[in-house]
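Each of the next two complexes has chain A plus one more chain, namely chain B in the first and chain C in the second.
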Partner chain A sequence: MTGPDASVALCARGLGFQYRRRGGRALQDCEFTVPGGRITALVGRNGAGKSTLLHLAGGLLRPGSGQLRVLGAVPGTSEARARVALLTQDKPLYPRFTVADTLLMGEKLNSSWDRTTAERIVREGDIPFHARIGELSPGRRTRVALALALGKRPELLLLDEPLADLDPVARGEIMAGLMAEAAERGINIVLSSHVLPELEEICDWVLVLQDGRIKLSEDVEDLRQSHAVLIGAADQAGTLAGQHTVVQSRTSGRQLTALIRRHGPLRGDWHVERPRLEDVLIGYLQPGEPGHPAPAERTKAAA
Partner chain B sequence: MKGSFWLAWRQQRVSAGIGAAALVVAAAIAAYYRSGMLDALHSGLFDHCATGPLYCTRSDTGLPLLLDIEPLKYLGALNIALPVVIGVFWGAPLLGRDRELGTHRMVLAQGVSPGQWFISRFALAAAITTILSGLAAGVFAWWWRPAADRSYGLFWYDNTALSGSGPRVVAAALFGLAAGTLLGLLARRVLAAMGLTLLVTGVLTLLLEWTHWARLLVPPHTYVSAGSIPKPPMGEKWSAGNYGLITATGRHDDVLNCPYPSGAQLKECMAAHGYVARFYEANPAGDYWTFQWIDTAVLGGLAALLTVVTVLLLRRRV
Partner chain C sequence: MIDYRIDRGSGVPAYVQIVEQTERALRMGTLQVGDKLPTAKEVVAATAINPNTVLRAYRDMEQAGLVELRRGLGTFVTRSLARPGVEDDSPLRGEIADWVTRARAAGLERADVLALVTAALDAYDSKHDSTTPGDRERKKEDA
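Coming up: the complex of A and B.
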């Protein structure tokens, strides 16, 4: 079955979800479309609903309201299951299985299985096949989990904080391998991460979640084009209001630094810088009202 | 689906192996003691013993003659405890282990639906449970037959025989599995699920033993003998411990109103109080199957009910 929006990786309409135990809405009125062929960064602060969104897309949770489509299919259906791979944050594996058993399990549980790729990913990490999962370091376990996810030849790969427990070198290696794989096979990837600088190099689409709502769903290049960091005298802040969207602004003494989304030409005397993706994302992630800098929050969001 | 069964077997083969090994050991012990029992019976020592609940004695020393049935009773006790053992060690971890480790998310993120995940492992566990418990009940029956319903053997109404043999053993084991599975789905920790399962299956096992003892589900039959003629012999019947006298109007009175076994005193006393008949209550030997089928229906029904609840909750909890 290929629906009209089969080329769309991820599409949500009025998506909402609520955990029964925790209370409160984890996701609310989410509307976005991630086109196909993208590597998407899912960004948001802790508790923003990133894992919930990925679990919904992976079919592990069912939407409370609205709808979500992965590759045009309903998550959790056998069609979606065959085409979507999800690697959850805790990367659960059977601790008593050996690495070889785990890969064999992937082969048995999936209709299609790419043994070569799965074994290559494991071998690249120097992981012995006869080792038990429970005895592996977290980083090696992540590698095995990734081999399991890629072995099923997914068209859409959902990764929830995939590399959080890896050292920088291994992170770089795995990421590079992942990107090569994605480019070669045309896999769609959605990954959530707190490591914003890394995202800039690999992602071409961003989804920003804040308090269960989608704040941004946009092409990375467009995002950087349309935003600007302005530095200038604080008394000309008024020239920005109305015409542009001030995402974030900070006053120190008489100097104003502002991140804006430009709509039309700038008036006033500003020093204009082209923002990095990281700057834009942090601007959106910070809930602070204009004029209230929150440096502690800022470093936390970037960490 | 084949893959889910592969995984289910991969995860349950150790339990299945332990269960099968325990059964083999039980069967070996049964074969050993049963042949000893047969030798004793063939020796002719027991030939003069009549059926009935009274002890048979040695003609020379006057000591009671008994077969060595203690090991048989242990097997019966094991069969009674089967729902607890299977519930705690097989049922509770069946879904609970995956939920505690979060590994069900990994399995479900592969090409497996929640339904397949549940059905494959539960069906496999239920099949193995049925086979193992059926064989355990079979071993008991085979061992018990030569000593069944003899004063020197084991009567059908002994706990270990009534609850440790027959189809009820299979139903009880399946009940234990279903209870453990459901509690494993509900509890957050396997250990908590095991504790709850121990409680639930233990209480139900004791409750059913109590219904046997109280004859709640299988009421005893009342045996009446007119006047002071001898009462029908108790034989293999399971006495409810209720003896008494009946007036012409049909009122049942306690036996202590005329506490004489027979003879002129009894006649006099009965005439004085206006009693026309005597009675006692007991379950005939055929009630073994009534007890069995009622237990099987109760336990099997509960197992089915708990399985349905598990399936209904599966969508919400996984």
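Coming up: the complex of A and C.
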């Protein structure tokens, strides 16, 4: 939607963070740039640091080291707060407020407020304005929280597991509504999720976090083009080493299945499949590096 | 108007699915010259896919000369893909119906029939180096 020179949505340099109580580093040496106009999937296993990163971007936490910029601004500053909306997993709403009160609160708290959009999102979910937040189903509460976030007219919308407690129909509706907003306004969206199939065809940029470090920050189409799933005889595994990056490989009997990042032409006799985004992401999320043996016996460490 | 259906599990990128479904509608005549395609917002509101994907499909079809993007108005069909040979009562259709009857009588299964047709098409195309705009996308994906 936006050209290559469009502003940068998110940029981290040497970003680190440590929770005082929990110990251990939640984020470490994170370096990445998410270009503007993207719908970004923030992917990682439980505890990888997804929520921490989103809380930092939303200005709810301060970096322990390094720096993070949202739309070029320091998170938490008034400049950033006016342009960035964060929807956290707990969706902090007042349970005793009615839906109408909640939207009114949004109007009072934000310098610019798009009442039409906020009310439309609520109405599309058939939610009565006089209902109390505490009485709403989780799906409807998510919708109200989203209305509150989008009513701000943010340029960058950060969503932490927005679909986690929704049924499949509500998930589809919420996602379709978000995409429609993105189509109309060209807003940047960063959403964390571990439901990988749902990200297919939604996201055009991925950030993969593993143990607090950034493992991938890349365009989805590039990612799919550069990777391949190979199926062939296990004794030709040697033709891959050195030239291509073997992300994940599995041998069963005489057959080898491997996810590789291609560098140049393939040698050997392989059946080549184009991976889905999900295949690539799972390849990177599974522990398979030397020194971190995979739990599954047959999964060989990446060469 | 056309309703797009996106199959996320197929491995075929959504923009290719949109192009293919549009072309199919053009061949069947359910979309005709002058018809307006749904806006990107309408498509994503119905399918929950990335809006950039829709725009990319529309751009590809514009480059292929199938549609025209008119600023502020929308995307319109400029060329039909309906061909005289594919109507219900055309000679070509009658011939292949007869052929399919003979193939079935000879015990060929659906997959055998499709494989024969594909092989014949491939042989013809490689000899004459001819591809039509409709073939273009899939070829590119296969490469």
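Note that in this section the second predicted complex is superposed on the first by the 281 of 303 C-alpha atoms of A that agree within 3 Å, B and C clash if a C-alpha of one lies under 4 Å from a C-alpha of the other, contacts with A are read in each partner's own complex, and residues count from 1 in each chain.
Here is the rule we go by: contacts are C-beta pairs under 8 Å (C-beta built on N, C-alpha and C of every residue); 3 or more make two chains touch, one makes a residue touch a chain.
Note that the coordinates shown come from a computational prediction; the quantities given were computed from them, not determined experimentally.
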**Q.** Which of chain B and chain C A:15 touches, first, second, both or neither
**A.** neither
(Q) Per the contact definition in the header, classify A:201: touching chain B only (first), chain C only (second), both, or neither. (A) second
Q.
For A:94, using the defined touch cut-off, is the partner it touches chain B, chain C, both, or neither? Pick first, second, both or neither.
A. first
Q. Between chain B (first) and chain C (second), which does A:183 come into contact with in this model arrangement: first, second, both, or neither?
A. second
Q.
Of the two partners chain B and chain C, which one touches more residues belonging to chain A?
A. B
Q: Could you tell me if A:85 is touching chain B, chain C, both of them or neither one (first, second, both, neither)?
A: first
Q) In the superposed arrangement, does A:281 touch chain B (first), chain C (second), both or neither? A) neither
Q | On chain A, the residue positions that both chain B and chain C contact, one per complex | A | none
Q | Of chain C, residues touching chain A in the complex | A | 6, 8-9, 11, 13-14, 39-41, 44-55, 141
Q) Inside the complex, what are the residues of chain A that reach chain C? A) 1, 37, 39, 172, 175-177, 179-180, 182-184, 197, 200-204, 221, 224, 273-274, 276
(Q) Please output the residues of chain B touching chain A within their complex, sorted ascending. (A) 2-4, 6-7, 10-11, 101-103, 105-113
Q. Chain B touches which residues of chain A in the complex?
A. 55, 58-60, 76, 78, 81-82, 85-88, 90-95, 101, 105-106, 108-111, 145, 148-149, 152
